[in-house]
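Every chain is named by a letter (A, B, C and D) in the order it is written, and numbering of its residues begins at 1.
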Amino acid sequence: MKIPKTMPAAVLMGPEELQVKEVNTPVPGPEDVLIQVKACSICSSDVSLIKAPWPGQPDYGTFIPGHEYSGIVAAVGKTVCELQIGDRVAVEAHFGCTRCPNCRIGNYTACLNWGLENMGHRANGFTTNGGFAEYVVNHVSTTYKIPQWVSYEEASLITNLGCVLYGFETIGGFVVGNHIAVIGEGPLGLISLQVARLLEADMVYLLGIDKYRLKIGSQLGADRIINVLEEDPLPLLKKEMNSGVDLTIEASGSDEGLKIAMRLPKWMGKVLLLGIPDSEVRVDLKELARGNKTIFTVRGEGRTNCGRGVSLLRRRRIDLGSLVTHIFPLEKIDKAFKTHTDKNIDSIKVVVQPS
Amino acid sequence: MKIPKTMPAAVLMGPEELQVKEVNTPVPGPEDVLIQVKACSICSSDVSLIKAPWPGQPDYGTFIPGHEYSGIVAAVGKTVCELQIGDRVAVEAHFGCTRCPNCRIGNYTACLNWGLENMGHRANGFTTNGGFAEYVVNHVSTTYKIPQWVSYEEASLITNLGCVLYGFETIGGFVVGNHIAVIGEGPLGLISLQVARLLEADMVYLLGIDKYRLKIGSQLGADRIINVLEEDPLPLLKKEMNSGVDLTIEASGSDEGLKIAMRLPKWMGKVLLLGIPDSEVRVDLKELARGNKTIFTVRGEGRTNCGRGVSLLRRRRIDLGSLVTHIFPLEKIDKAFKTHTDKNIDSIKVVVQPS
Amino acid sequence: MKIPKTMPAAVLMGPEELQVKEVNTPVPGPEDVLIQVKACSICSSDVSLIKAPWPGQPDYGTFIPGHEYSGIVAAVGKTVCELQIGDRVAVEAHFGCTRCPNCRIGNYTACLNWGLENMGHRANGFTTNGGFAEYVVNHVSTTYKIPQWVSYEEASLITNLGCVLYGFETIGGFVVGNHIAVIGEGPLGLISLQVARLLEADMVYLLGIDKYRLKIGSQLGADRIINVLEEDPLPLLKKEMNSGVDLTIEASGSDEGLKIAMRLPKWMGKVLLLGIPDSEVRVDLKELARGNKTIFTVRGEGRTNCGRGVSLLRRRRIDLGSLVTHIFPLEKIDKAFKTHTDKNIDSIKVVVQPS
Amino acid sequence: MKIPKTMPAAVLMGPEELQVKEVNTPVPGPEDVLIQVKACSICSSDVSLIKAPWPGQPDYGTFIPGHEYSGIVAAVGKTVCELQIGDRVAVEAHFGCTRCPNCRIGNYTACLNWGLENMGHRANGFTTNGGFAEYVVNHVSTTYKIPQWVSYEEASLITNLGCVLYGFETIGGFVVGNHIAVIGEGPLGLISLQVARLLEADMVYLLGIDKYRLKIGSQLGADRIINVLEEDPLPLLKKEMNSGVDLTIEASGSDEGLKIAMRLPKWMGKVLLLGIPDSEVRVDLKELARGNKTIFTVRGEGRTNCGRGVSLLRRRRIDLGSLVTHIFPLEKIDKAFKTHTDKNIDSIKVVVQPS
């Protein structure tokens, strides 16, 4: 595969200033893979860091965002035997330093050397260059081969799926027969309900406000849809569930969602935070403490959960395709972001195709 | 042992109205033990439920509070072979229904049939009669034999120790080499720091405001005392600990304590709530979620942790005696409660001796 | 529902001497349920204890075996509000003493007061009367309501399903994307492969020797069938799986099965023993120790896994019906046992209908 | 610190042929530390691999064994900011590939790319050069700073302590109040009993055959010493412990030890294998399965347990010094090995001082 010396990429030149320009094609190190990016999906965190820089973010004029992508292997480092040129791959954004206390025990998405590239840490699209470009470099351990029948668009959502699976691993796993409430009907919520169904939850409730997305949630297997603008979920669910759900997955990040999340579980029940709130929230820790409940959180698509996700995709057990509502070429990345943020457009995931 | 037909007991006649009077001595069932109470310690929850009734609390005029007690076996039910008359025992307050989903898996302190005595649930001093009386009935599974050299006063604190140990079990146990911050210098805080030391924490920080109690914390093994009225703990600890502690134990129940509790742990760190806040609290769930941190809570002295605690007492590995600052006979129970609540008196645990 | 004073039951009169005779109908205690048995399935442990008594087994002439049964509620004890007369129920055999260290933490199938009915322990069909009778008494916590569309025959297999689910809980749960080898094509093996499929294993291998049952295994979702009489599984699987499976489930109880079970997992992999070997076995603990592998075992249908199983049955997510190959009335229980043990008859589960 | 171009080292020239000769001093990579070795302890695995090569072992004439060592930092790679030249350090032998499924989740001592140095794996003294030399190279993540008051000899035993701590982590941690039997009175057994004591076991039994070592075990805190040549441990312990211990730690690697190890735990109890048997062993898996027991194993000083061990050493909470019975200079390494293996010499750990 012939690799050009320069490539088109969306470079962040300043706040809210993403500019498609020609830059040098990156060169993979001995343990790296050069990937020709076929699809890079927009995440709300992209919107946030384009607005104002996140910790560890490279300087304006040098930084290419985009952390949810997939593509084709264009070159491999000299120690790489896991993949071959031409392989189709999904990837994850995070590679840890391998030397801090968290990385030593496999929790590389919470690397304590975050943003220190010289110490070995990389988070593509956050602290190192990402996927809104024709080419990107990934450490081999962050790549997953995908078969022909998985589209690049679906595969670009693998970190979303990996994040949800990491959540299910974090809460302790075994869901058969459980009652689960999912709060929030965005991508993480819609994937969470599918995974809850896959792991054989007894009942999955989906709480949200967007009629379009709630309808998709219903198609994706939610047993019960609750539009919280129309129904008060607490009396409704307490009546239906007797003592409460086994697990609430909070995927809205909203104040209201977080408050409800604490209250829905039964005593000994669990709360999993997938949505990250914008600010401090007033919550009822008394109820939490009296009920012997636990709050779990996950940062990113930790441990080997992207690999698990690829297994689900390969076995066609999960529907990520339905979440991809819009596709744009790289040069229309501005329109892609506008589509993502425009409340008047019914979108779930908007995907950019850099090549 | 001759058991009188009536006995003196502190009966709750109305809000704030604890009256010592003669009542019928209770009769143990086939799986029960009748205990002559030698020491019953005052807990802040006693103060709360005397002020206003808790869920499941029996009617005024019939209810004897007191859930932290020890004594001597006076009679045993017909199936009881674990204990003999004359044995000295520590006890725990909770006995589950054995039939709800939580009790089925051993989480009887979070019984979903809470307060339903006919379904089998008992929480002595909360939903069934407790230890501010000459005699009390316990299910045999809630009794623990203690040797001669453990005083009844120390033994009456076993549920405090059991609660702390349940907390350490809940967070996953293995503490060797960890950095731990304990917030709150009350009984649970002072026991937590001792258990953290016993489990070989690398550093134990104690944060509080009461000079008398902080001094005792220092004597009990805290590596570093921080009076939060004099020092801002966050910059201080962040400097000392680099990325944060492995575990914060929040034992103050205060708003300020809870806020700090979320911030002190490093990424992937843990928060354990032992203190139950009075109301809703504004906390930084963003920091929690971004840091992949977990909040654990415990309700009571769950699982077999009172048994573990008795092992520590028997082996003289923990100092509960230093926490007992005042002792009163049952007829002076009013003075005992006043001593407990009077901010001008340096007290930690106040113990009542019903016999 | 009118309950007769006497009932037909299969009483064990001596070794290998099961006699159907009229006995007194049992009377439920305050926390019990009287069940009219509609189906009771034969288990290999029945064959074993009919041959020679197991620990805690009641005297000959008084004992009714049978621990895998279902039926209809005929009467309830005075504290029972969870069920009503006429409800269809699946049950589990074990009820713990609620007072030993294992029962205190919910591990009642490993009750340390095993066989001591006066201490509260019951294992119907093992240490207390079981389901080869028109009526049987169960503690309410061991009963699970089933809907109309679940047949009594399927429901009688709930302890098999509960045992397998307890196994998956015991090994730590989260199976998505894992490679799993099931050794043994009996009921537990055939259910294990279904649960592995349900929990989204990447590949499920079934190893066995019986062509009839292996074919059913294929129909039930095994990705790869290996007849170990025709193929050597180790080179075959090592080639296919590279470093080994994540989990081996040993459900054959055979020497050969156990030896293979230790070798198939990759380093850090797990072995789950569902089949109980008859005697000492020579296994390669060196390989196990060098590979940092773990051997888990389960005793019975522990914790709340029968409840989880009922959820799967209610949601029609598992096929237990295909495992029921023969049905006999109670008076033909001898023929039922002969069918179960006759190697020339293609059977999986043989069910007796006492009413 | 001036580093010579060549150094003395014990090179394995052939089976049983360890030769001290002058070789090139190794050069650290960007993430590495060059360590001047002050103490390197002999392990039984050294004896084994000198006799016949282990998997992944480098060619004769090129390989320097020794994996239990400590020393002083002589040089650091360009990215290393965690340490400075002159620091005293303990080390661990294993560094994983960071890219296989096991390393991805922090289980680097069970790296699936074992022995593949080009893929990034190193196990100093096994697959890459070790500590029987004046200098050795370690990845920075495998080094731990030690204070002045910890001797190099003690520090060279850190992997033994790390291995035992990894075992306690692996079995689930929380030991307070447990009954523990340690089988085997070698270094791992004598450290295990100390850690069991530190974690507040109720009773620690030490089983062995060597009077000299058992006496040291008694001094190190075993509650009860059982010389299995003089007493049959099973009836003795069953009588003393009623239903069995909570945990057996098998550190002898002997057939007899393994058989006893399976039998000592109570139902639901655990077995931890620290000693690796030489061959297949006949064990009672029936007893194991019926008792719902678990067998855990550990490979090496996994996860961050060497760091935990250094905390214990720094806080002077564990006695490794008493285990060091003999010290030799590098040129007398043959005599050191003879002292280690000679059954007529009372030795526990023999340490070589390369510089």
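Convention: a contact is a pair of C-beta atoms (placed from the backbone, for glycine too) under 8 Å apart; a residue touches a chain by one contact, two chains touch by 3 or more.
Being a predicted model, the structure only gives us computed values, none of them experimental.
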item	value
Chain pair with the higher count of C-beta pairs in contact (A-C, C-D)	C-D
Same-residue or different-residue interface between chain B and chain C, half as cut-off	same
Intercentroid distance (Cα basis), chain C paired with chain A, Å	40
Touching two or more other chains - residue numbers and ranges from chain A	101, 107, 304, 307
Complex contact set, residues of chain C against chain D	101-102, 107, 109-110, 112, 243, 258, 266-268, 273, 275-286, 288-299, 302
Residue ranges of chain A touching chain C (in the complex, touch as defined)	165, 168-169, 172-174, 176-177, 198-200, 202, 304, 307-312, 314-315, 317
Residue numbers on chain C that touch chain B, as the complex places them	31, 79, 81-82, 98-99, 101, 103-108, 118-120, 139-141, 303-304, 307
